[in-house]
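In the two assemblies presented below, chain A is common to both, partnered first by chain B and then by chain C.
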Partner chain A sequence: MNDRIIFEDVSKFYGEILGVNRVNLSIPPGITSLVGPNGSGKTTLMNLMTGLVKPSRGRIQVLGIKTDDPERLFKIVGYSTQFDAFPRGLTGFQFIYSYLSLSGIPTQEAERTAWEAIQRVNLVDAASRKIGAYSKGMRQRIRLAQALAHNPKVMVLDEPLNGLDPLARAEMIALFRASAAAGSYVIISSHILHEVDVISDQVILLSNGYVVAEGQIQTVRNEIQEHPTQILIRCDRPRELAAKLFESEYMIEASIHKDDRGVLLKTKDADRFYLALNQLALNGIQIESIAPADDDVLSVYEYLIGNEEVVR
Partner chain B sequence: MAVYRRSYRPYSGTLTKEWSRFLVLFRYSRRNLFRSRFLTGLFVLCFFYPIACLVMIYLANSASFLAKLGLPPEFITIDNSFFFHLMSVQGVLAFLMTAFAGPGLISPDLANGALPLYFCRPFSRAEYVLGKSSVLGILLSEITWVPGVILFIIQASFAGTGWARNNLWIVGSLILGSLIWIAILSMLAMALSAWVKWRIVAGALLLAVMFFGAGFAQAVNAVLRIDAGHFFDIGYLMAVVWTSLFQKENDLAISAGQAWIAILLYCSVCLWLLMRKVRAYEVVR
Partner chain C sequence: MNRLWWTQVKAVIRLELKKTFFAKRGLWIYAVAALPVLLFIAYAIAMSNQQHRSARIARDGEKPLSYQDLLAVKPGMTKDQVVATLGRPPVDIHWTERRPTGPGAFDEIQHQRFQYSDGQNDLFVEFVGDKVEGANVQDAYNLGEDAIVFAGVFQFFFLRLAIFFGCLGVFMNLFRGEVLDRSLHFYFLSPVRREVLMGGKFLAGLLATCTIFVTSEILQTLAFLWHFSPRARDLYLYHHHGLEHAATYVGVTILACIGYGAFFLVAGMLFRNPIIPAAVILIWEAINPFLPALLKQFSVIYYLKSLCPVEIPVSPGTPGLFALLISNANPVSAPLAIIGILVVAFIALAVSSFQVKRMEINYTTE
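Showing the complex of A and B:
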């Protein structure tokens, strides 16, 4: 398949240290987030995807291109690394321009493209200042600019939201969405789960070098059978509602929400429960909202990996 | 922030030739080197002896001027010994230049973890090493064989085609002798800076390899009563090679062939060490 990023039984060992093991993935266009604790293999997966490390076993193809073919691969891939690593003395513009030159883009075109990328990350005013004088957020932006400067089809971004203030995060997320909407593949690694939840089309959950789940977050959640789905029903008379709900055979547990304005319940089959809920005579109880309470990344992450490393 | 809603549109124009991309590194690194006043000063100092040689060539070809000074015409002879001395002086200066300029080429990139930035382009490790070593290669050429060849041409223009034809082999010796010296210095400087990742320590280590290597060689020879200790002394090995290239008489303890093999071996080891370190990612255990 030439329209996906494909990992086929990929393993990477650094000597005796496990990077990732037996990874099989097929990543579609859109925003895909890699989620996992430190050392789970997120950066290794990104380095494998960009050909910076070679797999010990297995095959990787990025839109049909093998990762050991940099001349073709890096025409369509842009990589923003996790580390602050800038050659000394360069201005923001020179930084982007020099790496475009290394990519083989001729002088005038590189100059034009560099300015365009700087505009996209909103750093025009600071472009002629040295990177050494940039704030952390500005460094993050300029790093992002070098990754998207040549308009790559695949953007691999390692912790791209680190160090950004809320406004800048919103701007970056808008940028990722715009790229994804235009048909790009945006691969993001992040520890900040609530943001991942908001921006991702699909997630890949990693733990100790293994992929523990992959896909749209709701689909992944539905497949976790051992943890009943939680649903929060907001209403004016939660106690009466809870008593009624126990008539349903799909109901396992119910508790009154701490603000006394809702019922948090657990069900073993959410779809059937919703159908049954319609048929229950609710005796005039005013239902304000019904929403799943644990089909977000954080919950899925905790169910699958445990909550030791979760950053909220 | 301005977000441009646009369809995917990659750069589709022609790319520069693959072979020429290492010159981007050369350009930036060289500019960075000459930001240092000390290095610029040292670079200028490197041309004092060639200028003195130029004056000597002029004098050697001006019998009337020498006569005015009361000196015989054979007081200054421009031959293989003259160029050997030029080579020796410029070789020492090239070493000093390397000790100050070389370690700063790679160690900052490694210390800052910048290599992934280079290698997530259509740019290989070999091109990276070539780009960085070309800075030293060209810089050291400018102070070794280039002035040597220019002086040879000036002497040939004074002395005539007969002298030039008889001594043409000196040009080959100048170029070959310089290139092997440049190669070993560049490789040593870059390999050491890649391993210690600290510019100042790498510079000190380069000085230590040359000076302590010579001391260690002497110690080995004295204790074991052998001559094989000279293989630890890179300066001695180069002296053997240059003496042979400039056809100078000598009583050196090892042969030119052995010295060549030892130097090429040192270069290979340095290159191997360098390629082990110049990777996009390093696993720290």
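Showing the complex of A and C:
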């Protein structure tokens, strides 16, 4: 499978401390978010993917390339780490330029590409200043510029939106989306679940070094049997609708929305419930919208992991 | 080596040189390299002052003297004979010695010292009473002795301490320094083979240490030659193999940087605490003369000592251990010594190469 990022039965132990255990993944193109509390193994998974750490067991391949072959791997991979340290004494431009020079790119092309990357993260004005004098947000942006400078097919971004102002966040998200739309693999770790929810095509939920769920949010949500699915139906007469809905055998619970313009209901089987809903005689109740209320990352995260250490 | 690797090696060297030459924590290496230069400058200044003094004494003399004139004074000559031969002395010091002969009784012995000079070499004539008791000519230049002093400083300070610790400071920090700075991932995230990265860093370290220590070696030679008169300088350089020795010392300096550099590069990768490997290597190099022939070959100093152009003589009465340290009992031929150092360095680099491929970024454990 040369078009996927593959983890086959991968485990990583730091001495006796577990990093990740028995991870099996096949990551397709698009934006994939790694979600989990601190210490769940997100960064370890990213470091394994980029060869910064070696697996204690198992095999990893990034689009068919082994992670112990940096010469080939980093032609297609860019990694923005959380390590907040840089080679001493370099300016922002020198940092990106040196990175590109190490790739063997000729001087003039490296200079041009470095400036393009710096422009992409809006750091042109600060490019000739030493990185040591940068703010946290600027350091984050220069790290992103390094990861994106050589237009990699696979971008591994550890907490890429940390320290960015709202405008910069929006720009970065747009950049990730455009890259994903162009067929790139964007792997993001984040604590900020609403952002993950907005940008991700698929998620990998981690807890204590184990992958507890992976795939598209809705698919993951549907696999969680012990929590009934919540659906919000917006309508003009919610009480009448609630009474009608109890005619369906798949209904468990219904409550009137606080603005009195909808019904929030819980069902054991969403697909069958939708079918049954079509067959109900609604006696002229105007339905405005029907939408799942808990197939977002936040809900899935809460169901599977709990609500520790996340930012909503 | 393919073209890409060479381009990458050059990029690594550019980055590393900047760090190595201008790192604040590396300033002591310049100081260590400058110490022998300062020593020879101080020596040259002292010798230069002495030459000025000799020239002044020669000027103050009654007549111009030659070196042969100075050698003409022999013990037993009278004061008048000396004055007749060399003229009135420009420096004349006398004192009286009171030698006890019994309770409350003394003999008074008249001492006198004349000093003459031909402008470079000084003659000291000691009189007791009216007779010459001793005549001592102090040469301005003793090329053989000076060359041995230079060799001693080179072998016992420059090689064993300055280059040794300088290489420790540079090569051990090539990887370890970046682990401590938490910036090694910058290199590990670039499309560079780890062995190429290691090679680039080693060459950068070599370039830096060779620049520092070869410059120091050249400056030491210049300072050493500074007080020589042009004639003495020509004599030393072209007839006493001075030029050849200077070139050999530069070559030995470069080989020392290669050997110790490779040793400390691998040590910096294998050990977290640099003091332990440094102490082990220092002791290993120090006990080299006492090791069996086979083990001797696994040290750098064994080959370097064999390459040094001037052998330091062991004076009679030198303690056994010290004599063993000075002497080179089983020297190897120059080609074998060069190959030996390169083989030792190659083995160390092969181990480094294996080690760098296994390295992981795990700053929290450092």
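We adopt the following convention: the second predicted complex is superposed on the first by the 311 of 312 C-alpha atoms of A that agree within 3 Å, B and C clash if a C-alpha of one lies under 4 Å from a C-alpha of the other, contacts with A are read in each partner's own complex, and residues count from 1 in each chain.
By definition in this document, contacts are C-beta pairs under 8 Å (C-beta built on N, C-alpha and C of every residue); 3 or more make two chains touch, one makes a residue touch a chain.
Values in this document were obtained by computation on a predicted structure and should not be read as measured data.
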item	value
Three-chain arrangement built on chain A, chain B and chain C clash or fit	clash
First (chain B), second (chain C), both or neither touched by A:Y14	both
Touching partner for A:K54 - first (chain B), second (chain C), both, neither	second
First (chain B), second (chain C), both or neither touched by A:Y79	both
In the superposition, chain B vs chain C on chain A residues touched	B
First, second, both or neither for A:D68, with chain B first and chain C second	second
First (chain B), second (chain C), both or neither touched by A:R88	both
Which of chain B and chain C A:Y99 touches, first, second, both or neither	both
Partner chain(s) touched by A:V212 [first = chain B, second = chain C, both, neither]	neither
Steric overlap of chain B with chain C in the superposed model, located at which of 2-10, 218-226 or 236-244	236-244
Overlap of the chain B and chain C footprints on chain A, listed as residue numbers	14, 47, 50, 52-53, 70-71, 73-75, 79, 81, 83, 85-89, 98-99, 101-104, 146
Complex interface listing, chain C residues touching chain A	4, 7-8, 11-12, 14-15, 18-19, 22-23, 178, 181-183, 185-194, 196, 357-358, 360-363, 365
For the chain A and chain B complex, residues of the former touching the latter	14-15, 17, 47, 50, 52-53, 70-71, 73-79, 81, 83-90, 98-99, 101-106, 109, 113, 119-122, 146, 150-153, 171, 174-175, 178, 181-184
Chain A-touching residues of chain B, taken from the complex the two chains share	1-11, 13-18, 21, 24-25, 28, 32, 35, 108-109, 112-124, 280-281, 283, 285
Chain C-touching residues of chain A, taken from the complex the two chains share	14, 47, 50-54, 68, 70-75, 79, 81, 83, 85-89, 98-99, 101-104, 146
